[in-house]
């Protein structure tokens, strides 16, 4: 559907999507750190689709399950127990990512 | 005022405050990384007092201004332009932290 | 289900539902403008059901797809990339509305 | 899935889950009152899974449908019409709880 | 300033303000319970002015400080540590309310 | 302070600020309509600084006080009574804008 949005040629949305990609590239902070930042931000804002996206990116960055649980802990402490259902779904998705359990 | 809250002897609040401290200790992730996570979460939830607290902790963890700007960038991309006023206040506070400009 | 809620005879909810309808009627601003306002508010608050409701109303008000993309752009800039998944679903629903593609 | 989270042995999450249970126990306020507080908080934060959890607890506390409608009214007035879709789903779930209609 | 808003003769706002008052009147639930609900909802949505308003009403309803701390506990558990700064300000205001310390 | 942020040469933030400006330019929708959209989005997200910014822009676009009250009405109905304190401050600021009372 992102392609569908882009096909509508709205310049603001196109540039925002571009910017979104640039945000998570290696810089003063590594891409790995930035993906963790994107994940925790998505969790406290309780956006399941955004969480899934960043979980995939975190997986590519070889974040371990133990590290992941600590990210979840920060999200739940800052954002409260309303983050629990999103944490449940996040862990479920994380464990379905190929070989994530072996990390 | 945290002491005032604690003096009221509410067990749930006491334990939550304790847990909050534990959350940011070195573990699978470093305290430095966790403070960055706490900061970005506070920014997208737009809590100025929480942002200030984590800025102080990030300063203690010797995060550089360049790294800080990248945390701000993630917060603004994920959370949108409503995060801008909080970013302004965050940068102002960051630059007032002793010697933060020299990092 | 709104009827189910109304059948419970809670006066506050009944009046709020009434007020909700009145809010979007022609006044100093046209119903068309007000529906756009209701839509962008629903998007940044990320309520998919509310978004769908206002998309239908916007469709009745003969808002074009190009105009719709600009509403989406405001919502994504103000609310950030966490609005993207809602934008995807909104566009999908918009394009399913009878003949919306021909506007 | 809570068990899956707990099986990961993250101390912060374990303690937070424990604390969550303690929060709603009889104290200066009754468990019944606290469950109503937990429900209204979940509604204005628009967390359907949290709402369901507290609806079950409210049911156990023998809250009546008329009382429930007044909790819904507070949530909708404080949180606005974006709470309506969650209210719809909450009422639907409430009426499915065994014998809830007879209370 | 509410009077200033009302002086503008916007029917929707006038009725909403009226409805707001009606919401907290004795019904199936007591005014006391409803004010607690309004308070916890305002806390998790982090609206300091709304919190102050409900603290005054809770004070009129003779809620004790011990009960108040349990409302704060629910708010902080559901809404997370970003509610702490609002809790601090709430307790400060609560203790300034005439004789609130003697309750 | 925006200049201070820009002086830090973070490319993502620079581009986002640029994009923010472009978002509200005349297009399929007029700048006037877009500023109203930006205002209502800022109100329901309860960002006072963002509200002020868009109030100034709305003033430049010669929006009348009667139209403004209808924008406020949509924001309060969608976002609930927690928007009231922001509406109070918004009206106060609006009436201080040069000659806004004469529109």
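Letters are used for the chains, namely A, B, C, D, E and F, taken in the order the chains are written, and counting of residues starts over at 1 for each.
Keep this in mind: a contact is a pair of C-beta atoms (placed from the backbone, for glycine too) under 8 Å apart; a residue touches a chain by one contact, two chains touch by 3 or more.
It should be emphasised that the depicted structure is a prediction, and the values quoted were computed from it without experimental measurement.
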item	value
Chain whose Cα centroid lies at the greatest distance from that of chain E	A
Interface sides of chain B and chain D: same vs different residues, half threshold	same
Distance between chain centroids, defined by C-alpha means - chain C, chain E (Å)	30
Length of the line joining the C-alpha centres of chain A and chain B, rounded to whole Å	19
Inter-chain centre distance, chain B versus chain C - centres from mean C-alpha coordinates, in Å	35
Contacts with 2+ other chains: residues of chain D	12, 16, 19-20, 23, 42, 44-45, 50, 66, 69-70, 73, 76-79, 81-82
Pairwise touch network: line, ring, star, complete, or other	complete
Footprint of chain E on chain A - complex, ascending	44, 76-83
Contacting residues of chain B [partner chain E, same complex]	1-2, 4-5, 8, 10, 12-13, 16-17, 20, 42, 45, 47, 49-50
Residues of chain A defined as touching chain D within the complex	46, 65-66, 69-70, 72-73, 76-77, 81-82, 84-85, 87-89, 91-92, 95
Chain F residues within the chain A interface of the complex	11-12, 15-16, 19, 22-23
Complex contacts: residues of chain D adjacent to chain E	19-20, 23-24, 27-29, 33-34, 36-38, 40-45, 50, 64, 66-67, 69-71, 73-75, 77-79
